[in-house]
């Protein structure tokens, strides 16, 4: 899934939402779609987080003398 | 019965209900059908429970952000 | 990037800003451009710092008399 | 640079100052000009030092009459 | 320089003084001229001292005890 | 120089004085003249004291022989 | 008359010819007459008219000759004079220019004197060109004079006074009477003979006291005049009084009015000379020092004007400092300008940071999440409600429902065949009787 772009993922998620909304799916399929939707949502969410973090890092690294203090505590927390 | 889809089960259940409602069935058959219907109804119900639980687990596992806010209070009440 | 002149870098930075401002970019691309922009900004900033340092060194190396008294207090304040 | 006359150097220095002051130069070029200017200024200063020393020696060696009275007290103060 | 007459030296010195006074000389040339001027001045000064000393000697030799030594000024001069 | 008359010497000396006084002589020439002047002056002074006072009377006999006698007041008596 | 034959003079030509005629015919004339109309202008020349009963002639005596006069000219005086006829062309007048004038009635001696004087003068003995200058400072002075009398004493005194250490040589001679002339001539011989030898006299004073023209006769003799003229050693004549003129005086290289004056003329004042020498020497030293002083002051002036280029250097230093300051200011300006621009750009960049994007996308994502959850819930609720309805309907149809009203259903065991007819059961057989609230297991005891 990693290759799919954020926008595509978001689009797929929307399609899934519409499919589920239509109510025409059998339960298993709906369930499967839902599962897929959750994953997509999670993927998108992570993507956004990631991007945000990236921006943060970028800004921290490049702007001013912030690098004196320990680097990106959020990331460290993640790596624990 | 595990192989039967939720929709088929629901359909069978509906058919059984209609057969019995027709009143043409001998008691034994009606009883048998009724028994079958009870089983189907139970099966469907369980299937739905199962699905709901699955959703719950999915949400719990995959998406912190989404579950942050209490998810579907109506459902929780039902599950109690 | 070292070979690009300051002015070219600044121009590229400006272009990037305009591209991003146009708002039509997908996230990844926007992110990429932004990253590039930050790098350019950093590059330019470093270039300026470097130049300032070079001036300092030049003055120090070549002209002891001048550097005795604090020269250009505004700039020093800036460097603090 | 040793072959350039003092006046020529001074003139070049002046031109460089004016060029940089005009503010139309790209950074690198301005910096290059500045560097050149500093070198020229150094060259000129050295030339003056040299000349002054030469005069000192001359006066000391050759002519008691001329050096009888302290010559240019400002200069002496400067040389301290 | 020893062969140059006092007057010529003085004249040269004057010319040099005027040249320097005109203020149109480049530093190197002015310096050179000054050097030359100092030397000429020294030369002239020495020449005058020499002449004065010569006068002194002459007066002492000739005007002291005139009658003591036999008078043959030409011859004495010749024998010198 | 010994043959030069007092008058000539004095005249020469006077000329020399005037020449030197005129200030138009180059130093070396003036010096030479001065030297000459000193000699002349000495020569003149000596000349004045050179001769020894003697008053004599020249007598001649018939043979044309000339005799010299000191001049004495008695001569007056004799000739009377 | 043919024009060719006619000789036409210009006035100048005619005058010139008359002048030649007159002046050549009468180079010197003795003339006697009476003075009238005497005038003496500032020039010192005498102008007068010489006349007799019948004629007048203009006459001039120039100042140079006046001094020889031994008497004062005055109107009415009869004179005899020697002069030349002269024609003054500009005015067309002629006159006589007197060389010599004496009162009329002078003696033969005087006449002889005048004649000799003219002769010798014409011979050139008086000419300046033959006059030798006196030595400025003679080593020795020869005095030809009488050894007795005041003259020699005066001369010696004066010489001693003026220049003590000059030697004097006296040649005693008779100065009047018989033998005076040969002695004087012989004295000149001696002096000139000795002239070659060392320490000889360098000047001769021929001296005599005053006297009558007869007393001075020797000095008016031609012999003495020629001896004086022949002398190689310069001769100063000092004969008689100041107003006495002798032939010797004219011939001598210099005439002194008196013997004392002769001594003064011949011998310079030693003190004066000494002073002059000293003065000169002092001047010499002063001048040379002046020269040096002057040159020194010029040199000094040059030295002060020889401006040390260090002043220029000062100026240059200030200029360089200024340049450096400007250089720095401007380079920092350049840098600051670029920095400002960069900062502005960077600000713009940060303003466009994808945060905004993220926010937008986040909202969308949230919406989708919400929808996903909502719709799955709806979906499930839907299914569940269908299931519940069916279950409820089924429940309503349950065959067991009649049991509540007191009916019961009897089924065989274990075949669960509903017993409607007793015939299908055997006595003693166990049957299941389903009741509303459970079931009973019964044994058939009988049939009916």
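Lettered A, B, C, D, E, F and G in written order, each chain numbered from 1.
In the analysis below, a contact is a pair of C-beta atoms (placed from the backbone, for glycine too) under 8 Å apart; a residue touches a chain by one contact, two chains touch by 3 or more.
These numbers come from a predicted model, not from an experiment.
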Most widely separated chain from chain F, with each centre as the mean of CA atoms: B
Most central chain, Cα average position: D
Chain pair with more C-beta contacts, E-G versus F-G: F-G
Intercentroid distance (Cα basis), chain E paired with chain A, Å: 103
Interchain centroid distance [CA atoms averaged], chain A/chain G, Å: 100
Length of the line joining the C-alpha centres of chain E and chain F, rounded to whole Å: 36
Two or more partner chains touched - positions in chain A: 6, 27, 34, 38, 41, 45, 51, 55, 59, 63
Two or more partner chains touched - positions in chain G: 281, 288, 292, 295, 303, 306, 308-309, 313, 316, 324, 331, 335, 338, 346, 353-354, 358, 361, 369, 376, 380, 383
In contact (per the touch rule at the top): chain pairs: A-B, A-C, A-G, B-G, C-D, C-G, D-E, D-G, E-F, E-G, F-G
Touching residues on chain A, where the partner in the complex is chain B: 26-28, 31, 34-35, 38-39, 41-42, 45
Interface residues, chain G side, partner chain A - complex: 346, 350, 353-355, 358, 361-362, 364-365, 368-369, 371-372, 375-376, 378-380, 382-383
In the complex, chain C residues that touch chain G: 6, 10, 13-14, 16-17, 20-21, 27, 30-31, 34, 37-38, 41, 44-45, 48, 51-52, 55, 59, 63, 66, 71-72, 74-75
Chain G - residues contacting chain E, complex: 281, 285, 288-289, 292, 295-296, 298-299, 302-303, 305-309, 312-313, 316
In the complex with chain C, residue positions of chain A that touch it: 5-7, 47, 51, 54-55, 58-59, 61-63
